[in-house]
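Listed after this line are the structures, all set down as structure tokens.
Here subunit A shows up in two complexes: once beside subunit B, once beside subunit C.
Take a look at the complex of A and B:
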């Protein structure tokens, strides 16, 4: 046996995982074979750790494909998934976790049957985007009309036939992207819970029609090994073995880590996660708005507003029925203060964040007491300041921070109770997405600053790609857990994710400053880009998830 | 009692490799040994009688040798990496040619699942008997068996056969009740198999003919192993400056992707020579010749355009799919042929498979 070990040690270059798999071989071979454990050990083709959107979507994608629906799949989630199916929100309440789904994500959700499960009245089409610089006032406007131009772009022609086809929700003015001259929404806003609801409905449906899909909810993973007792009893000793807190052990051909930023699966595979925490927090909240106060066409219906402030971007994403979702990236201190501020003052401050100058905002932030109590009357203060702005604006032609001649976002009138929640912002990318028999998707593989709203979309793109790669492997008789079967996933997803992470990170750094030359340069850039149709189209394509060559056959 | 424990524990210790040699080790034996196990951990076993250990050592070394070599065949980044990467396009080519020749529609298990390019069902080869001559570590044979075929893997090297068996044991899809097809490895030559009267729906021999002593005799035997109306699928390398550059200079000497001495350029066979050989010696009608090349940009092998201009099997795209003959066949290429019906068949047509 020692000669075997020596041999293993001599054998060329190995990945960290495979060397770990091979070295303890002595331990495997000489393990005592306890018969009792065998009863609780089950064999799977795919075990997905993490029943969030990425994990559930992967289960759904595998189950909805003809070839991969023959696989035996397990989905493990620490929380209660069945709650999602019972989800029945009041029409006047929205959860604070809202995502903007790109056309590509929507096309994927349609393909796996999830989109049709969703409630149309809770999906808002985003037809326009207003992005401006809080320091200089430079602005860029994206609207559905720009997408029309995308259709004749060179890239579009290269990928024609592959452009996602995300119609079906908004039947008012939009038709599908790709077969019509009319514009398609840039994105669709909906609550993460809503997507989860659709996913869980589909999963139950797949189970009912006989797909071998086991969902272990309210179940935690206690440990993942490749060499411990139970696995050694099976011939496939090098398969990962996942020990659950319900006493079961799942031995699997392919282990998928969809288990978030602190992925235990990633630690098991000894894959490094590279990146940093921003000294920033994001604050989310569900807002009630007064659409009549917006000066944008159609009272700003379906427009996403984003303003870059030196402390970070603040964004308001459209929901239906006079609601909007707030994502405000700022310093940890301000985020905590904003959470504690009384609702009335909070709303006033949100309105100020979209209109007041950075200097004024600095003053306003300092007027929040240590326990979140307002030291001034925010509403009065801000009304007064706005009136001064308006006067000035009517007197002087150019004033960056007022809305002279520019579309104005709607006023925030209320914030839904208990929807304000701060969370730390970070950027991570795993050094690799695959190891032999292990693959990472979604936040386990990469975490992005939320300023472009791309995190969930990247996760869904991962899942779409992985499901396709698994299908291809099955059709060519490959072992779906083999590293060579998984490499195409890694090479297709790693660079686009890295590019997105890099772009978003650079944007964040670029805008988190009020240093003069940088502000001047970025404003010039923003204004210039706004004037240059083709470049703007490509930016939009990227943001809409059309950046890569989609589905290969 | 102690000696029984020692014996059974020995079985357990070597069980993983051992039961690969004798394929059906009694299941209960593996569960007996839990009690005396502590006496027989690797360190304490050295204190046992030398006589017994001496007998054991022989096996142990054999096992270690096979296990270590099996490691090399299947090590993802090992010397056979290029063959691993070539496997999916090989399977695509085989599926495609079987679809084109009607072998898949003859196969009742497959039925109505046909779609435009190739069937989407997960086990499209169910019901077909396939012989893989020169199976090596079983890369192709395993994939064919996972697609449902009754596969016989043949190799002249006992070591290769042992490695292949060791590896196949690890995958439940290749063994036992859940297996969609079957997989049997034989340490035999093609001639021996023929003498025993075996014939197959499909005979494959991938990258083998350039390694055999007598290619003409080899082609003759392969032809006889194919059932009437069955398919013969070969792949090999053209004898061109390009193939010297790619497979010997670059792959062996510069990139060290495969061990030096793997290939002998003078034994390479050009498509036209193989075409003639298959028609005259194997008595099969050549239906298709298609090149395959490694695209360093994608890191994948890609099928090129075939002689009839079709790109079937290269539908997944790739730059090399744009390339047509003769350049496309200047290095690695496939050839598919079909044996005519009855009359010429001289051997007993009953296929035997495990």
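Take a look at the complex of A and C:
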């Protein structure tokens, strides 16, 4: 009998009988372990590994929700989270990690009460976007004023299935956008640290009003295990237990991996991560721009600039107070060289990256010595090429019409010290986002090329969805950690994330060449799309996160 | 048979030719006003009847894409029928040179010498070259052999056809420089000024720049050769051209003016070119 039961337990079959029969054994086990482990083992409903934006936002979302605020939640972070609350930046300093938050993400942050914690003067609205091909000059212009209100549309049906009556977050989105005629910005730019500040403020607030939320900061996860054999048949037997380096062990109903690209939670759940590394590095930096050359259409509202070079896209995102954030995707070698270059030459090179031809840039890259010092006078060389271009543009008649209309990116005058940082670019998608009692969100689930600025937004969309799925299971009385309760999360997020990953990956590959026929075809396509208002509108709405309507149960 | 034909001409023939293809057409101008507004920014589809630029440099003749097509086809046929029409050969080169010149300019921008040439824009005329001084140089120097070549062919650097149809000031200079330095190539390689010699030079340039444009003359030029010339071309010159063209320094990046006093052998060694086998 007992061997039969053991087999049943191993194969995952459970009957009320078996658990009843084993009740005494459970008691024995607890008695025997209590002496040495009871003080250090704690049970939780949700343990979130990783206190980054995705992890903290999930903790916040669960705590702010009426149904899930009764859960016992733990948030584990290896670094010091309390630093974020003390964050008090100077107005003339910006962190180099800046994200663009889509209207959908902002609606979510508003919903969980984080947005109101943020300092408005450090959030820059992005009203327009200029994207162009560095090889051919073909250009597409996005303008917030051209985006229609929230309604079902073509791309939405392709990527999300037709949902007739979106509610929940999309209602909030509508409120955010204001049903008024006034157009919403395309995105909001702000520092990741700033979002973290808002999140931690909220978390402290939730703790103060009695939500059972434990934050383990400066704490590392040493190992994650599940009970094996006999013990697995206990009521909490199949729950993952997370061993921390402070001696504690957390046993949890639901384990959330928000622990980044190399997610230990994902390895524990034996979920494969598929994808590849781009042979590119992204270089971020905080730039100071010449305000007189800035073409911001309104007060504090900027334009995001992105130029596709054969080595990768270079983007300048607007910040306030005459600052901008740079994300320059390029070869690993050039990224390292750019980091070492003296500030003056670096700025000259950034300006050239937005105007000079790829051949001219190539020469400049080659002219950086092994010690990071330029071998030639960058400014002189760039000025000469600019004067040649300007002279030709000024005499070009018919093309002149379009050239005059083409806004130029602002001129970079300085780069903030110690903000230049390169990081490798990758594409990854987990083969699955859920396993029994384990769920992945954010970078742990998927990693994307930064060219569309979608990584963080995808992560927040994951979090929004997961919080909603957990709430639904609670309301229906099901076990939140059970794989069947988690499946709606996976089915809702997997396809949109994959679609975004694929789109961004194809874009990056399409533009990673200067092969003539490809350049011609992509320029023709880009110019055509630029002229086709409705299609452009759809693309914008897709990028703004207005297309995805969650499939609600 | 002279290879000067490739670029040396009288300009009046050109003007006639242009008049025939309808340069300065009032049609083009009147259409511009009507179509510019919707089409201007859509440069991929700009009207074929309007010239894309104004006059950019001395000698520039702005023409519309339609005129360009007619001129290219017309000059191709004329040049094939009568290779002595240097104006037609030049017009053919210019009207079909868009990508070619761009790539050459890019290759020049990659090289410090090439950049210096683009920046300083040296011009080669009998005046700037000081041919009389070059004649005083000892035998075997590059300058002396260059003048000897000019004298043998009874030409001077001043008889080059100016550039007319390239719609960019800098690219027009590149085209001009390309023509002006042509005689140095003969001195450097020792290729004779015959049709097969010129075609061999085209093969050399093709191997060097990797550009398909030079292929045109490499492939179609031999149609006009006698079988003996063709045999010499493909057995001797082409193998030499492919080998040397792919290993030597890009000749557009050479400031020839500064190499005049060096012995020819040293110039050949420094540029990585072996002299062409003499037949």
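Methods note: the second predicted complex is superposed on the first by the 460 of 553 C-alpha atoms of A that agree within 3 Å, B and C clash if a C-alpha of one lies under 4 Å from a C-alpha of the other, contacts with A are read in each partner's own complex, and residues count from 1 in each chain.
The criterion applied here is as follows: a contact is a pair of C-beta atoms (placed from the backbone, for glycine too) under 8 Å apart; a residue touches a chain by one contact, two chains touch by 3 or more.
Keep in mind it's a predicted model, so treat the numbers as computed, not measured.
*Asks:* Touching A:93 in the superposition: subunit B (first), subunit C (second), both, neither?
*Replies:* It touches nothing on subunit B or subunit C.
*Asks:* Subunit B or subunit C: which reaches more residues on subunit A?
*Replies:* B
*Asks:* Looking at A:392, would you say it contacts subunit B, subunit C, both, or neither? Reply first, second, both or neither.
*Replies:* After superposition on chain A, A:392 lies in contact with subunit C alone.
*Asks:* What is the contact status of A:357 with respect to subunit B (first) and subunit C (second): first, second, both, or neither?
*Replies:* second
*Asks:* With the two complexes superposed on chain A, say which partner A:484 touches: subunit B (first), subunit C (second), both, or neither.
*Replies:* In the superposition, A:484 contacts subunit B only.
*Asks:* Per the contact definition in the header, classify A:475: touching subunit B only (first), subunit C only (second), both, or neither.
*Replies:* first
*Asks:* Name the residues of subunit A shared by its contacts with subunit B and its contacts with subunit C.
*Replies:* none
*Asks:* Tell me, which parts of subunit B touch subunit A in their complex?
*Replies:* 12-16, 30-31, 33-34, 37, 40-42, 60-61, 63-64, 67-68, 71-72, 75-78, 81, 84-85, 87-88, 91-92, 95, 117-118, 120-122, 142-147, 169-173, 175, 298-300, 315-317
*Asks:* Along subunit A, where are the residues that touch subunit B in the complex?
*Replies:* The touching residues are 1-4, 7-8, 11-15, 18, 22, 26, 28-30, 32-35, 43, 66-67, 70, 233, 235-238, 436, 472-479, 482-484, 487-488, 491, 552-553.
*Asks:* Mind pulling up the subunit C residues that touch subunit A in the complex?
*Replies:* 32, 36-37, 40-44, 46-47, 50-56, 99, 105-107, 109-112, 115, 119, 168-170
*Asks:* Quick one: in the complex, what on subunit A touches subunit C?
*Replies:* Within the complex, subunit A touches subunit C at residues 138, 357-360, 362-363, 366, 376, 381, 384, 388, 391-392, 395-399, 401-402, 405, 516, 523-524, 527, 531.
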